[in-house]
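Before any comments, here is the structure.
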Amino acid sequence: MAHRNLIPFGPQHPVLPEPIHFDLVTEDEKIVDAIPSISYVHRGLESLVEKRDFIDYVHVADRICGLCSFMHSMGYCQAVEEIMGVEVPERALYLRTIWAELSRLHSHIFWLGVAADAFGFESLFMQALRLREPVLDIFEETTGGRVILGASKVGGVRRDIDADSLAGIVKRLAKLRPELEELSTVFITDYSVKHRLCGVGYISKEDAYILGCVGPMARASGLDMDMRVIGYSAYKYLDVQPMVETAGDCYARCLVRIREMLHSIDLVREAIGKIPDGPVEVKVKGFPNGEYMSRIEQPRGEVIHYAKGNGSRFLQRFRVRVPTFSNIPAMIRILKGSEIADVPNIILTLDPCISCTER
Amino acid sequence: MMNALIFLILFPLFISLLALFLPRGMPGRKVIGTVANAVLCAVPIYLLFATLDQGPSYFRLESGFITTAMLVLEVLIAAYLIYLSVRAKRYLPVVLVVVQLVTMLGFEFVHGHSIQVEYSLFMDKFSIIMALIVGIIGSAICLYGFGYMPEYHHHYPEVKDRRNFFAFLMYLFLSAMFGIIFSNNIMWLFFFWEVTTLCSFLLIGYRDDNASRDSAFRALNMNLIGGVVFAFGIVYLFLSSGTMELDKLLLQDKGTVLLPAVCFAFAGLAKSAQFPFSSWLTGAMVAPTPVSALLHSSTMVKAGVYLILRVSPVMENTVAAQMLTLIGGVSFLVTAMIAISQSNAKKVLAYSTISNLGLIVACAGVNTDAAVWSALLLIIFHAVAKSLLFLCVGIIEYKLDSRDIEDMDFLIMRLPKLTAVMMVGMAGMFLAPFGMIISKFVTLKAFINANPFMAIILAYGSAATIFFWTKWMGKIISIRHGEHEVVEHRVSNWEWTTLGILAFATIAVCLAFPFISFHVIDPYLMELFNKAPIVDTFNILVIFVIMLGLLIILPLGLFFFAFVNRNYKRVGTYLGGANISDITFEGAMDAAQPIQIKSYYLEKFFGEERLFYVGVFVSLTLIFIMFGVAAI
Amino acid sequence: MNTIQEMFQSWGMVERAVAFILLAPLAGGLIAGIDRRVSARFQGRYGPPVLQPFYDVFKLMQKQRILVNKFQNFNILLFLLFTVFSGALFFMGVDLLLTIFSLALAGTFFVLAGFCVGSPFSHLGAEREIIQQVAYEPMVILLAVGMYQVTGSFKVAEIAQFQAPLILYLPGVFAGFLYILTIKFRKSPFDLSMSHHAHQEIVRGMTTEFSGPALAVIEIAHWYENVMLLGMVYLFFGFNPWLGLGVALLTYLFEIFIDMNYARFKWQLTFGSSWLFTAVAGVSNIIVLGLMR
Amino acid sequence: MAWFKRSPWILHYNATSCNGCDIEVIVSLTPLYDVERFGIINTGNPKHADILAVTGSVNEKSRQVLINLYEQMPEPKVIMAVGLCAVSGCVFQDCYNVMGGVDKVLPVDVYVPGCAARPESIIDGMLKACEILEEKYANRNKREKGEEHE
């Protein structure tokens, strides 16, 4: 049939929080082809390592992405620390883990909200974002901002959290948990939500593997892949369970995130229970010389920070391979054959972070 | 008066012979044609006004000689059909023709001497309505043909130029139609009936390639099946009741003539392309446009519903009538839904025709005063608007080299006047102040009183109707600035005149419908039912207000927006901020992509292959029940 | 209330029409304002002032006129005109079917407006709008059919004054009508073609290319339409004006509640479920009534 | 009487932001901050919008998009630069693909600082933008009247 529409989807589009563009070729509402086009937010900050001191660069790494800012600076610091052979104090590792898990928590809640908005469930969006605020309050108290910026540094973390605050975090998360569970029930059981998510954007385990999916996208298809189990930072001391679903559709990805979100709360509680006393940073001397790839589990999946130093103040090369980037081939695959109404869902169940992808 | 009738039957015949034998390119050929068409329009109008306040009139005619002549012609036609079928190696038509011929000849030889026909010709208000439609619309279509056919042959040089033969068939068709609507003698009616079958067969096959040959033979087969059943019906009618006249048929005992009536209705269903016979009409679109227009609007299919409406009083309050209603309802609903999934303009029009005829058949089945009232209005309004639309599509086909609706983007910028005319036609088919909606309005009321189930079918069917018309309308009026060349000047004056007449007629019949209703339809209903439906005058007033309002607002508004309103800034369409120009955006790989906009067809829901067999199956079942109860 | 009703009945058709034309936008705007406020409360927000819809419309009127093509606003004006016209017909108390057909005409003009701008998003919106129209149209006609079966008249005035409670005869029709009201009010789950919420896959659907005064006109037309639809709800309870008014408002609240509790359906489910629900509730009701007579 | 103060509609575009400010713009719609109290709606369509809220600095590709969006907004319109990147380029100033703040491309009316800009300051900026809208409307009216007098 030759009745094909060609629709420009993006770069500015209300369901896309970030600019990405698709040439959507459709028949009726069915998508026959989707050709992505990116670089609307490309800044070129990897090359900035040549202009910024490797210590200062943490601030740039923080700003790779506003949602998982902490993850990026942490990955960068890990890479540099490994190159330089810095032994980071245990307490700092725990603190990093706590912030990392809180980042995952707020990112997933935000995702739930935006996904609800994408399938037109406005009140759910509002409720999800309401529940995100307590997490942001914790950020604000512990790091000074609603987005964690400048908390991590090469050799440890910049601030400590005192025992009372830690206890307060546990208490607040305990209060948040039932509310989140209530919110999740809507996602899991509501008929109209299921109508929009079940069976939409299916990708099989094999395809997910071949196309290089990572994170919840891979786990929802049954690939047991979670970088936290390799035990970076303080994860080696914690009981990390990868959340795996097998259905491979948007609904499964939603379930994975919901379970991870609740698991994050457990992990934070466990970490706070186990956190040792001691210093939170060590002095760093000299310049990095060598290379390292640090692998971290972001809310969106595995992120790789590659750093190469040549013994000077400036790193020679810094590279980030972000999860969204590895998920884009799978997204294109599942966009074909879906409906226009599914496009926002499919794009959002990747939880795309374009600013990470294009840096 | 009788002379006028005979004139109407013989005059087109005379013209058709002239068309066949006068050499092409002879000066004055077109003048003769034009004059003939004017006469064909004038006589029915004269008839209308001459008999304005009279009841039906019946005319005696010495029938012996004519009947014999008809018999001879019938044999000749049969021989010709057999010759053509054998040549094309198709044997089903041969069988059917032989069965029919043997039936009729046998009947004639055994009983021919004992047939007593008192009145051979007659004329009542219904006949006059039909005569008006055939005369005015039919001749308008012939007029259009003058401009169209040269272009057709220019466009398809491979088609053998048989224009004389074409004109001959067109006028012969009109002649046969007049014969059908004025015959009281059922034998005569049958003869004219078979002539229309022959004409449609030859006209559909005019291109003489494989596709058109297939379609032509399909049409022939289905109409011959109808014809065979018609023939059986005649024989049975005579054997059971001894009459051979339409008016006497209604006076007979209902039980004895029910089966013949059902047979005639069956023939009518075949001719008006109801399910299960719908495929011949959709196949008929391979013919040149004037043929499609003629088949769909004023002749052929209208002959089918004419016959059904004539015999439906016999079936009143029987299960057979209910089955007839349901067949109409199923055809109406299913074809309206199939039309959604079609993108071929002629096919959409064809399905819409079947759909509307389905409604008429359903009205005939219900057979109350209100139902028949709306059936007659539907016939009128549909004939005018549909012929207009077909002729428009015919022109577009050559200007844009496509009959696909999806190629009609921005038609309003390429053929502005034609689009305006087409909008009138489409609005006439489904929008509020125009005729079709008035009739649907009354149909609905008639159905609720008689059969609520039909009201439900109507509700769903109307909704489906809205879909395919609206999206087509939206397609042709969408505007995109720049690049489009106006190709309208190449439309010939013959075609413009016809379109003008029909567009005017579409509006005029709406404005004149109280007159038509009061002076033409109501008297007919009074004869039939002794009462006529009372139409709420306030409603008519409101419809007039909308109608006049639109007639005033549309030009004024368009004028205002085109010339007066200057207080605006032009911007491009919203393309996600990726605009390069108004209509192109920067796509992937930095390519400049123009947007493409096509309509929805929802094949999954309304696909032809999905619904067609449902319709055929259901209607076949209903037909079996119809015959079953009639035979018992 | 009874005096108001008596006063209303004592008026001639012209007065009633004028009253509708003047009062309906006020009522409609107010309802829209309450809608936004209540919705916000459902979402745990404070919400805008109740008069916000009026502010929006006044603001839109003051915006610059930007157009994609010269004629795009023409259809919008016709849409308003015929919506008001059919509403006026309804409140004049004349033929219900006429009102419905006239409203369908208005809807068609709106769709044509969406088509005629030639923009991909408004085109998609218009296509979806037709699907919606096809989805709700049978039920609207069946509403008239059902009322005619019970009262023996298509006249709105006579239906409104019918003494027996119509709802008892037409529970199925009422349920079906409630179902498609969600489409007509453009509420989630059926807000496919244009949404009041911004985050939609086809941007703002049909209204994408309409801005400033044209958008204001669309908004006002919706107010008129909403008032008229609530009037149709009233007809079911016409035997008791207080009850009728109350139920009409309750219906609107109910629609807000539905809006808050559903994700947007896809067109297949919207279309299929509307026809199915119409078939089950409306059709069975009408057939039962037909058998009873 | 102008009504822009009571119903300013927002279009948000992420030029090259890191998401931080984006999210805060979205969050300002949600229960805790609820800008709809002021009649503010996020429209997502330039043709309906009064205020263009830009987050992030401008790069080669987003420049054209911003200009397109600005072109398609009806007058009066206000540009609001949200966050430090949109104001000046923030830490990305030195990146090879960053042109600097939004004011390099479009006439910015309101600058909202912060990395990431806090919802409170965004709301403050929006209300500032309303006043500028009113002003622009008044100016336009004056200009049109002036033209009439001439």
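Going in written order, the chains are labelled A, B, C and D, and every chain counts its residues from 1.
We adopt the following convention: a contact is a pair of C-beta atoms (placed from the backbone, for glycine too) under 8 Å apart; a residue touches a chain by one contact, two chains touch by 3 or more.
In this text, all values refer to a predicted model and were calculated from it rather than measured experimentally.
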{"item": "Core chain by centroid distance, with centroids computed from Cα atoms only", "value": "C"}
{"item": "Gap in Å, rounded to a whole number, between the CA centres of subunit D and subunit A", "value": "28"}
{"item": "For subunit B paired with subunit C, centre-to-centre distance based on mean C-alpha positions, whole Å", "value": "37"}
{"item": "Rounded Å distance, subunit A centre to subunit C centre (Cα mean)", "value": "44"}
{"item": "Centroid distance [mean C-alpha coordinates] between subunit D and subunit B, Å", "value": "60"}
{"item": "Subunit D: positions in contact with at least two other chains", "value": "13, 30-31, 42-47, 65, 69, 72, 74"}
{"item": "Set of subunit C residues in contact with two or more other chains", "value": "43-45, 64-66, 120-121, 123, 198-200, 203, 208-209"}
{"item": "For subunit B, residues that touch 2 or more chains besides their own", "value": "569, 571-572, 574-575, 577-578, 586, 595, 597, 599-600, 602"}
{"item": "Chain contact graph, described as a line, ring, star, complete graph or other shape", "value": "complete"}
{"item": "Of all residues in subunit C, those that touch subunit B in their complex", "value": "64-74, 77-78, 81-82, 85, 89, 94-95, 97-98, 101-102, 104-105, 108, 111-112, 114-121, 123, 126-127, 130-131, 133-135, 137-139, 141-142, 144-145, 148-149, 154, 203, 208-209, 268, 271, 275, 283, 286-287, 289-290"}
{"item": "Subunit C residues touching subunit D - in the complex, by the definition given at the top", "value": "36, 40, 43-49, 52, 55-56, 58-59, 62-66, 198-200, 203-204, 207-212, 215"}
{"item": "Touch list for subunit A against partner subunit B, complex", "value": "1-13, 21-23, 27-29, 35-37"}
{"item": "Subunit C-facing residues of subunit B, complex", "value": "410, 431-433, 437, 441, 444-445, 448, 451-453, 455-456, 458-460, 462-464, 466-467, 470-471, 473-475, 477-481, 536, 538-539, 542-543, 546, 553, 557-558, 561-562, 565, 567-575, 582-583, 595, 597, 599-600, 602, 604-605"}
{"item": "Complex interface listing, subunit D residues touching subunit A", "value": "11, 13-24, 26-27, 30-32, 42-46, 56-57, 59, 61-62, 65, 69, 90-92, 94-98, 115-116, 118-119"}
